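Next up, some structures in structure tokens.
Look at the two complexes coming up: subunit A is in both, with subunit B in one and subunit C in the other.
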Partner chain A sequence: MIIIFALFLLSLLVITALAIVQTKNLFVAVMLTSIFSLLMAANFFILDAADVALTEAAVGAGITTVIFLSALALTTEREKAVQSAQRLTLVVVAVLATLIIYATFDKPRLGDPEAPVHQHLAPWYLEKTPEYMDFPNVVTAVLGSFRGYDTLGEVFVVFAACIGVLFILGVKPPGDRHYDPHASGLRHHLIPQVVGRLLIPFIVLFGLYVQFHGEYGPGGGFQAGALIASGVILYALLEGETAALRAVPRYVLMGLVIGGASLYGAVGLVCILLGGNFLEYSVLSSNPVSGQQLGILLIEAGVGMAVCGALLSIFHAFAARPMRV
Partner chain B sequence: MDLTPHLPVLQVVVPLLSSPLLLLLRPRGLAWAGAAAVALLSFAIALNMALAVAAGIQFSYAVGGWEPPYGIALSVDAFSALILLIVTGAGAIAILAGKPSVDREIDAERQPLFYSAWILAMAGLTGIALSADAFNIFVFMEISSLASYVLIAGGPDRRALPAVFKYLIMGTIGATFYLIGVGLVYMMTGTLNLADMEARIGGVTDINPLLVAAGFITIGLALKAAVFPLHVWLPNAYTHAPHMITVFLAACATKVAIYVLLRFDFFVFQANLDRHDVQFSLFLMPLALLGILVASAVAMFEGHIKRLLAMSSVAQIGYIMLGASFITEAGLTASALHMFNHALAKGGLFLAIAGLACHYGDLRLARLAGAARSMPWTAAALVVCGFSLVGIPGTAGFVSKWLLLDAALDEGRFAAVLVGVILVSSLMALAYVWRIVETLYFKPAAQDVATPTGEAPLPLLLAAWLAAIANIGFGLFPQFPLELCSAAAELLLGHTL
Partner chain C sequence: MNLLELLGYFNYWVFAIVLTVGLYTVIAKINLVKKLIGLSIFQSAVFLMYITMDKVEGGTAPIIQKGMENQVFSNPLPQVLILTAIVVGVSTLALGLAIVVRIFEAYGTIEEDEILDAD
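Let's turn to the complex of A and B:
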């Protein structure tokens, strides 16, 4: 049964991808990428990768789409016709696809317990997580502690994106188009207003749940940050950007970004001061297991703060530009 | 407490964690001071480790206390120490000297963001150089790339935007190719640690995914390294970037990608895939030779001084790849030393050009005519570094080109062709450097260009001269870098069949 469902989802994925390439309307393309991400999330879920599915749904289908739309509001809806070497592109893509398909001929069967990925590191992670951290979600253990340095890097990727957008869009826009911040929002549309207001508290609550329940269920700081950010963005869409900025001002957002990233790094440095290696949480407490738990809790909080602040800063940077009329 | 064992991680973490804090330094000039302090500290750490490595100490560090392959390991050997010196040295000099140039190009209120991105780019590049983990390299590649895109797009030159967009697309394709390759290797070996990969890849029986992986990784990194013909993003990105960013990126960015390419190829694939060394040579040598000749030829006829030198960078990357494609100790030593020397020469050239740019708005050669008369010191520094680029005896560039020639002579039946290409391309380099000299010294100034009122700002002038003196110093006494480079070559070859 699950096979049929997976085949159905994968075919839809291919069709959506082709449609994205085909369409000349950028608005349609953005909507299709959102659908693509949602399908991808469903696929991840079928593969039992609930953490990844949650991230893909929150970031790929949610926030990215909003940011794409904000960018589209600053430009035109239709793609400019270009005389590019389309045939050459097609050949290159076909060759690459053939190569990748060729590579998968010798791939271990899906779910094969004898596959190298299940034989080498995974058993160690599965065995040691209960021993060292004493909580069930191995994904959180890998991301937060065993490979915590990668996650620190990912936080700084988000940070780089955030300062990049602020830096480039921070230039005063050319021309003297005036922007009326009060004109945005859906304040005069009753149904979105009512439904949206009902949803926002639940979105934020769910975000907090994902944040603090990451050790036991799917999720963690990354997904929580994206979820809470999407709650605030929904508020901005309903009430207008100014109202959202009044609720969560820019300096608070920058504080979240700087504070979150620094919190993560500070935990690592404290571990060095207490005699361990960088990010060796075991030294944080006299009991190594609670040290690990404390460390992961703190860095997840840092990730959540940084991601939430960064995504909202990016959104506001786009929304603050005068729209093209 | 003794921080020495923590130096590898501090090398990355000090700049990485400082970058958000730089945003808080809003008052004028404070962000610069903070960034300069961080860059100097990073350089001190790198120098410290390089000296220790030269004395025979190897650093390895298990982040989080988890031993590899379960956790992420950092390692410093001769090769990474050399790259770390280049990256942090270029960053420190460019930030310290760059204030007058940056003040002209970036508004005061955007400067904290600018310096924050700059330090972040440096942190990303050091992170790549230190990492012994294939996925961790990707993460830091993303950090350094994103920050570099931002920096290139940050200047007042709006033509930087299309250039950076091209760079962004091609850089993303390169990173994705690398990731596909790493994914395939992970599928077949179940590990991400490079040393563990090397050990486990030999036991893989179905070899096809690994061959495809080797292809994707090589092409992806070659894109990032701007190996001919995948260099098309480079000339415009370097030309329209803020001048100090050109100094920084031209000195180190592509070299870090070459470093990963060589490290991955020699450490993981060479020892395990049958006839991989032959394929590696067959694939890279013609590209390197073509790159050297074509890019030098284009540079000879280029009218914009920055784009001219950017094309020359593509040719120099050709030399570095050529040395590597011999797969001999002499070739790899020459290759590694050329990375170091090219960073010195190109960094110095772009520093002098940033100085010129403080008085000339338009950097086309025709507009710069006669600049040496009003800016003699700046022009002289430019000439010294230019001679090093050509490989005139007595400069650093000569040493690595000589080693490359020496290595080429051992290449049997191709030797004559290889030596011919190196000599011809050196003459071409002389031609394009001479064009700059002729313009600066012997041509009458253009009618409608205002004569500069003086030399380049003092910090830039000092930095350009520091680079020029280093070019001569390391040309006469190349022992220290040479020692690191031959150790690096030995290390790389230690992993071949």
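Let's turn to the complex of A and C:
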């Protein structure tokens, strides 16, 4: 039964992707991208990747769409009909697709337990997580501790991208267009106001739950950061830029980004000072297991702060520019 | 090969098609926002391939419940890689869109040919 559902979702995914390419209206394309992400999240869930599905639904379908829309509000919605070298591209792309599909027949089929990818590290992670960390979610254990270096790198990429956006959009826009902060927001629309205001506390509460329950269920810093950021973005859409910046000022956002990234690095350095290796949390407490748990809790908090601050700073960087007339 | 075995490859075929749809958009479209949308479709296709590889038959999400014996878990490693890649993807996408916004403010257009003409 589930396989029919998966086939249906995957077919919808292809149709949505084709529709995104086909449409000439960029607004429609962005909304279809949001649907594409939601379908992708459902597929991830069917493939047993609960953490990834949660991330894709929060980031792909939520935050990405908002950032695209705020960029469209600053540029233009219509796409010109011309394309470059359409025939040649079609031929190249069709040949590539055929080659990849031909190559897939050498891959192990879906769900094959004998596939090479399941042979080396994965059983070790599954076996050692209860022993080293004593909590259920193996994904969080691998993310926070076993591959903590990777995650530290990813947090710094998010940090660098945030700084980049702030540098690029930090300059004053040209011309005499003035930004009117009071014009934004849906303050005069009753229904979005009432419904949205009801939703915001629950979104933020769910974000906090996902943050602190990440060791036990699907979730963790990345998802929680995106969820809390989407709650604040909803507030900004309802009440306008100024109100959102009054609630969560810019210096708080910068503090979150810098503090989150530094917290992660600082935990690693404290491990060295206590006589362990970089990011070896076992030395943080007299008991290695509770040391690991403490370390992962701290770095997840750092990840959540950095992601939430970075996504909100990026959103405000776009939203604070004057819209096209 | 019977039908059910063939369906085991269906995820990979969808990966191939979605990947090439994204690649086509990046190459053939001259609108900069559309190119970025194509790039994120391309990226999503790669995510789908990784997550497809993590599935184990009869498995469940890798969250170990106490008191349950002989559970089969899917592979946690591809999930970790893709989880962080999604968040990095949105930050780099935002960087690209910021550059597009600045190009629009400088040239008044986001179509590649018009930008080249203006130069």
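The working rule: the second predicted complex is superposed on the first by the 322 of 325 C-alpha atoms of A that agree within 3 Å, B and C clash if a C-alpha of one lies under 4 Å from a C-alpha of the other, contacts with A are read in each partner's own complex, and residues count from 1 in each chain.
Simple rule for what comes next: a residue touches a chain if its C-beta (ideal position, glycine included) is under 8 Å from a C-beta of that chain, and two chains touch if they have at least 3 such contacts.
This one's a predicted model, so the numbers in the text were calculated from it and none came from an experiment.
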| item | value |
| --- | --- |
| Subunit A as common anchor, with subunit B and subunit C clashing or fitting | fit |
| Subunit B versus subunit C as contact partner of A:A301, first or second or both or neither | neither |
| Subunit B versus subunit C as contact partner of A:Y125, first or second or both or neither | both |
| Partner chain(s) touched by A:L110 [first = subunit B, second = subunit C, both, neither] | second |
| Touching partner for A:A244 - first (subunit B), second (subunit C), both, neither | neither |
| Partner chain(s) touched by A:N137 [first = subunit B, second = subunit C, both, neither] | second |
| Which superposed partner A:M254 touches (first subunit B, second subunit C, both, neither) | first |
| Partner chain(s) touched by A:A229 [first = subunit B, second = subunit C, both, neither] | neither |
| Which of subunit B and subunit C A:E154 touches, first, second, both or neither | both |
| Comparing the two partners subunit B and subunit C, which touches a greater set of residues in subunit A | C |
| Partner chain in contact with A:G164 - subunit B first, subunit C second, else both or neither | both |
| Centroid geometry (CA): angle subunit B/subunit A/subunit C, rounded to a multiple of 10 degrees | 70 |
| Minimum distance between Cα atoms of subunit B and subunit C in the superposition (Å) | 6 |
| Intersection of subunit A interface sets (partners subunit B, subunit C) | 100, 104-105, 107, 115, 117-118, 121-122, 125, 147, 150, 154, 157, 161, 164, 168, 171 |
| Interface residues, subunit B side, partner subunit A - complex | 1, 3, 6, 9, 13, 16-17, 19-21, 23-24, 61-66, 69-72, 110, 113-114, 116-117, 120, 123-124, 127, 135-136, 139-140, 142-143, 146-147, 149-150, 153-154, 180, 184, 186-191, 200, 204, 206-209, 211-213, 215-216 |
| Subunit B contact footprint on subunit A (complex, rising order) | 99-100, 102-108, 115-122, 124-125, 128, 145-150, 152-154, 156-157, 159-161, 163-164, 166-168, 170-171, 254, 257-258, 261-262, 265-266, 268-269, 272-273, 275-282 |
| Partner subunit A, residues of subunit C touching it in the complex | 4-5, 7-25, 27-31, 33-34, 37-38, 40-41, 44, 47-48, 51-66, 72-95, 97-102, 104-106, 109-113 |
| Subunit C contact footprint on subunit A (complex, rising order) | 3, 6-7, 10-11, 13-14, 17-18, 20-21, 26, 29-30, 33, 36-37, 40, 43-44, 47-52, 55-56, 59-60, 63-64, 67-68, 71-72, 74-76, 79-80, 82-86, 89-90, 92-94, 96-97, 100-101, 104-105, 107, 109-113, 115, 117-118, 121-122, 125-126, 129-130, 136-139, 141-143, 147, 150-151, 154, 157-158, 161-162, 164-165, 168-169, 171, 173-175, 216-218, 220, 222, 225-226, 307, 310-311, 314, 317-318, 321 |
